[in-house]
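In what follows, subunit A forms one complex with subunit B and a second complex with subunit C.
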Partner chain A sequence: MIEGLNPGLILILGALLVPFTSGFIRNIYVLALPIIGLYYTWSLGLGSFGHVEILGHTLILTKIDALARVFGTIFHIAAFAGLLYGLHVKDPQQHVATLIYAGAAIAAVFSGDLVSLFSYWELTAISSAFLIFASRNERAFNAGMRYLIIQVTSGVLLLAGIALYVAQSGNMDVAPMELGSAASWLFLIAFGIKTAFPLLHNWVQDAYPQATVSGTVILSAFTTKLAVYALARFFAGEDILLWIGAIMVIFPVFHATLENDLRRTVAYSMNSQQGFMVIGVGIGTELALNGVAAHATVSILYTCLLFMATGAVLYRAGTAKITDLGAVYKSMPLTAMFAVIGSLVIMAFPLTAAFASKSLILSAALDGKMVILWLAMLFGAVAVIDNVGLKIPLFGFFKPGEDMGLQEAPKHMLLAMGVLSVLAIGIGIFPSAFFQILPYPIEYHVYTASHVVTQLQLIIFAALVFVCCVKFNMYPKPQDTLTLDFDWFYRKPLKKFAINLGLLINAGYLGFLRMSQAVIGWFITKARETHGGQGLLSRTAASGVAVSIVMLLFGVTLLLVY
Partner chain B sequence: MNALFSQAPILAIVIPLMGAPISALFRGAVLPWAIATMLSAASFWFSIDLLVHVNTVGPISYELGGWEPPWGIEYVVDPLSAFVMMVISGISTGVLLYARESILKEVSTDRLGMFFAAYLLALAGMMGITITGDAFNIFVFLEITSLSSYVLISMGERTDRRALFAAFQYLVMGTIGATFILIGVGLLYAMTGTLNIADIASKFDAIAHTTPVRAAVGFLIVGVAIKLAMFPFHIWLPNGYTYAPSIITAFFAGTATKVSVYLMIRFIYTMFGEDFSFGEIPLTSMLMTLGVIAFLSMSVVAIFQDNLKRLLAYSSVAQLGYMTVGIALASEMGLIASITHVFNHAIVKTGLFLTVGAIFYMVGSTYIKDLAGIGQRMPITSFAFVLGGLGLIGVPLTPGFVSKWYLVQAALERGDMVGYGLTIAMLISSLFAVIYVWRVVEVMYFRPAPEGAECKEAPLSMMIPCWIFVIAIFYFGIETSVNIGFAEAAASFLMGGAK
Partner chain C sequence: MSENMKKTYWLDKAENKKKIFIGLIIAAILVALPDFLSLLGILYETHPYTKVEEIPAFYGIYAALGLLVVISVAGFIGRFLTVKEDYYD
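What follows is the complex of A and B.
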């Protein structure tokens, strides 16, 4: 293949052909693209390819190192599973958006220079918005617009940061930076928006549940993990991330507990899991970065799996609200089983993938004697057991009651969930094989007695709390209400302010437009008079006139030259 | 260095010069053309040889008749002159490849021998101006070029009688320009007693303050400005380009004014020296003012034209404004921009005029109103025009962008308000270019063709050269090592080697 072609481009360019396929061919085609991309990524090996000189700056189109390759690999797998899950969709727009979105995320991970990184960063924002719009209802449209505004804001901040950074350092390579200059803060905020830092996080819970059934699965895999990758790439070992991460772990827990909508619950808990990775980046040791890469991979697996299972319920039952659901497990046993597997993984149950990946980050925190962080993560781990690990299966799938008379999920959905489950459990059983592809070589034993016992204690204790709470009616009953979050501030007062500001700007703009129109109109009239048809500057002057001009200007020149 | 190559400087000039009378002896539609094409290609080959040699080994000085300079005439091949020679002979060869069928429609067959003789003379003259290191020799070659080009332009009279008037006006203006240059050279000779450019340059500083030298500078600059069609001396150009035969327009658009740009750079940097030109006399403000007016005002005029050839001619005057500004910026970056734009604009404009020639061949008119629906009738040619138009506007990946980028950098390098103003003016002028190109494209593609118009492309012998130019436009827009590389070499040679 072409030397230096960014692997992400296989998906991006491949997407353009999707509208020209149909039926069976399209299914084969969209599933083949991520496989080809993954094969190509690994066949390239490590290194940087495709150096292009443009106007004095070097662009590195493809740069693959071990950290990037972990993310690139899981992105390909997520794209494959997500596309498999969404095969029932007959709307080519969603396939195209999915492929471009996944391709852009992969390409961003493999970008060797800031300009490429920015381009793909923006492309992920724009293409993913179409997955939300694809629901084709007003709520989704509004949520999509809010999502787009926030994502593009992140892009604009990144662009500003890049411009400042390049102006200061004259360097366009993707390389770690020190937090301190204005440019680096812009980078951090841009990444922070996409990582869903506390108070910058609302777009996740706002937009993800509004997307289509398969759209949510796709959305959950890429944007936030791409941002984690960017953080790890630029800000590894930055102390401020420790505290941001700790707040991130704890903060969304309460919302997840209160939430009624299954998919929003998963979205909140995903936010909390992001916190683990941010802490890992903040610690910045080799062990921690390995943990970040591992946990990002695993987190994609179980988040996708949970969104798939809840999505399948939504697809069959038409709702994903706990209050509306009955004994789903009776009619959708396989889906319920996958939901349980997903929940076990998110609990970090021994023999599942998260057990391996989470313990890496926890060990890294202990190695660094960061006890408070360790406690925060412990709290997060307990909370996630309660509000997702137990809540989703028990409240969503295994509620007592009548059979709801639903159909089992379609085969391709089950297959997609199966693929992810096999991977999630496979990594849990053979962690050392998985550790081979991590960025740094490690010697780490997951299944020591103390690890297993600690984790089991944790789970049993959490289960006890959960059972007690439910038993004594202490657990907040899921109610069909909207949970208020920080986003109220930007959805109500900020919106009003923005609208008024917009009206003001609009009025000013209209005035400016009219004035400019008048000025330009005057210019055009004048230009036509002097430059058009037989105008002064356009008509063919007589030779005599031409010679006179020569004489005149020659005189002027002589005067100037003297 | 083999024996043939050691004579390359003179061969590049003498081959077309001696070919002219031979071509005049032949009759028929093919032979004169074939001779001209082969000789031009030979000249092109020697030019490339020289360019590569100069850039690897160093400048060549060739003594004519074995007379040592400064007494004898010297040919000097340095990075700048070799680059311009390569452009001239290359454009000429490309145009000639295209010429065979095109010219049959516009010039009667029995005159073709004479026609190609004049063509070869014009080529020899331009090559001579570029290579010679002797100031009087410049005038001689200038006259050879001018006289033959008056003839060539007037050949358009079979299509439109106004070609005669256009040629006459060019004659009046061109003669004044040449005379001015001659007076300037004469005054310098009177003061220095030498005609060799390097010799004059070495003595220039000592006499720079004297009245005759100041007058000589004025004469030379105005004289070259007339030949360069610098605004407001451009009056001869639009008519000349409009009514000349298609291939002549294409040939001159890529070469004639470019040679004058070369002369301007040569006089200002080599002969007068940078310190004198931009320090002692206010050349920067003078040239820059005229250049800016040229690219703004002439672009607007181009917008209002109803004849496509005329539109492109005015656009040429505007583009020459860019080159003038590049010279006036008096910096290495500005010179690079100017020199590379000589190359870039030459291939873009010649390519455009060739496609216009193909359209004229089929439609018989270059009035924009007659081009309605040509996009459907001649899709391949029209698309070539669109791509060329992109190059003219300066869209990224075309050479027009490359030279504008360098010019903008040179302007910003100044770091003052003038620099920012220049940048804005260039942006506005590029917008004007979008408008005048779009006007044509809109008529070509979005107006219905008149009833009964047939769908037929121009002959392959014309299409292929057109597309060679179009592909070259994109090649040199992306792989810039030829145009930028040699222009950088030339500019650093001038800045470092200027005295």
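What follows is the complex of A and C.
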């Protein structure tokens, strides 16, 4: 390998060859790239590689530490599973976009300097938009444009932050920073957009459900988790993140409960799960940061799994709306089983991965005596049992009714779901093996009697109340409607304002043009009157008249001056 | 597929749904029980970090209340924020 080659470049450069392959060869090729990338990442070990001097600054092309490696590892796994899931796609654009997007996310994680980080940060934005455009319908196009505008805004803010930071400190290394300077706030907002902070979050629920079946799986894995990594890298221990995270945990769960589209439900719930990680970064202790890395990994596993299962229904039934679906499990039993596994994991059922990962962040909060935050997270954990853990399987897959006569998901999709399920359950059964790869050494016992009992209490009581609410018609009935969110402000009034402002500017410009034309026209007419044909100034006059005028002017000057 | 359509599934039967419901109630009692037993020093000792965790079956109660809050708030905001599916088109 080339000295200092960033592992992400294997996928990015590899993507360029995809259009020249087809069929079976392409399948093998795209699946091999993440495997090679992962192998290369681990074979490099920890350290910095590839130092390049440019304009007096040192760029560090590849920097691998334990935190970066956890994210890099799960990104490779997600890329592999996502590509496997999308093997039915014949459109090379989607494979290329997927590989470049995943590669850029990996490369960003392993960037040792701010310029590299920014470059890959932007590349994730641009490449991923093509996964939304690939749906090739009007809604997807519009959602893709909104997504692109928001993502590029994040990049521009990051660039401004980097410029200010480098001008002030002269340092270009990726390193922790104190919140306070304008540069650091620009960094935080740039990261906050991609982490889906409250009020900056709508691009997730807007764009993800509009992407292609496999596109959504891919989208869900990288951008938001890359942003969590960036937060952990730059702002670990910042108090403001605690409260942002707490709002984030609670804010999206009500929409998730009301949502009719299964994929949008998962998107809302994912947003709430991001809140756990943001709180973890805010706590900033070794246990908390281990929790952030662990929960980001596990969150990718179950979110991808749930997007895969709901995507498979969309693929076979042509819809992923609860109101359009019936007893899906009767004809897609394996997909339904994987949806149940995904749901058990997101509920943090004992013997699944989230049981181990979520408890790290919860324990870190209790260690720091942050009881209110802990209660907020516990509330989020209860809410996710409702709006994904129970709602997705029961309303999406196990509704009573006739068999819908669907075909089971294609083999490669089932295989991809199988891979993620095995990992999610494997981590749950052997958490200590998984803890080995976390950033800091850890001594944590996941399976204590009280932890298992309390978690089961949480899940079973929630399930009981859920079933009662459904039984007694207290549960919000799924309807084929939309629930307005904060994006209403920029999709309705702000849009109207922008359009009206545009019309006003246009009218002003047209008015100015007309007025200018009138003025010029007046001059031309006057000039024609005075200079044209028999006009005053074009007539010939006797030279005596001219001499008389000059004499008159001299006379006036003489009188005035002397 | 046509075979599937005629087939009656375990979940299709009303009595099995009842079984699940009763099963859930029994499970809830079973998982709440250790907390009460631990008050008497039987089975295990709890290691509460916080005061609230000392309430027996705190997690169960919190989950039940939390879920009711989620559903009520969602139902409440749904009344104001629900629009037609093609609202933005």
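Structure notes:
Here is the rule we go by: the second predicted complex is superposed on the first by the 498 of 562 C-alpha atoms of A that agree within 3 Å, B and C clash if a C-alpha of one lies under 4 Å from a C-alpha of the other, contacts with A are read in each partner's own complex, and residues count from 1 in each chain.
By our rule, a residue touches a chain if its C-beta (ideal position, glycine included) is under 8 Å from a C-beta of that chain, and two chains touch if they have at least 3 such contacts.
Keep in mind it's a predicted model, so treat the numbers as computed, not measured.
By the document's definition of touching, of the two partners only subunit C reaches A:Phe379; subunit B does not. Legend: residue contacts after superposition of the two complexes on their common chain; A:Phe554 is shown touching subunit B, with no touch to subunit C.
Between subunit B and subunit C, more residues of subunit A are touched by C. Applying the stated contact rule after C-alpha superposition, one finds that A:Leu456 touches subunit C and leaves subunit B untouched.
In the overlay built on the shared chain, the residue A:Phe398 is in contact with subunit C alone; subunit B does not reach it. By the touch criterion defined above, A:Leu258 lies against subunit C but remains apart from subunit B after alignment on the C-alpha atoms of chain A. By the touch criterion defined above, A:Ser543 reaches subunit B but does not reach subunit C.
When the shared chain is aligned, subunit B comes close enough to touch A:Gly532, but subunit C does not. Across the superposed pair, subunit B and subunit C touch subunit A at no common residue. Against subunit B, the residues of subunit A that register as touching in their complex are 55, 527-528, 531-533, 535, 537-538, 540-541, 543, 545-547, 549-550, 553-554, 557-558, 560-562. Those residues of subunit C that touch subunit A in the shared complex are 1, 4-5, 7, 9, 11-12, 20-21, 24-25, 27-28, 31-32, 34-35, 43-44, 46-47, 49-50, 52, 57-64, 66-71, 73-75, 77-78, 81-85, 87-89.
Those residues of subunit B that touch subunit A in the complex are listed here as 168-169, 172-173, 176, 180, 211, 214-215, 217-219, 221-222, 226, 232-233, 235-236, 238-239, 281-282, 286, 297-298, 300-301, 303-305, 405.
By the touch criterion given at the top, residues 139, 253-255, 257-258, 327, 329-331, 366, 371, 374-375, 378-379, 382-383, 385-387, 398, 400, 402-403, 405, 448-450, 453-467, 469, 471, 474-476, 479-485, 491 of subunit A touch subunit C in their complex.
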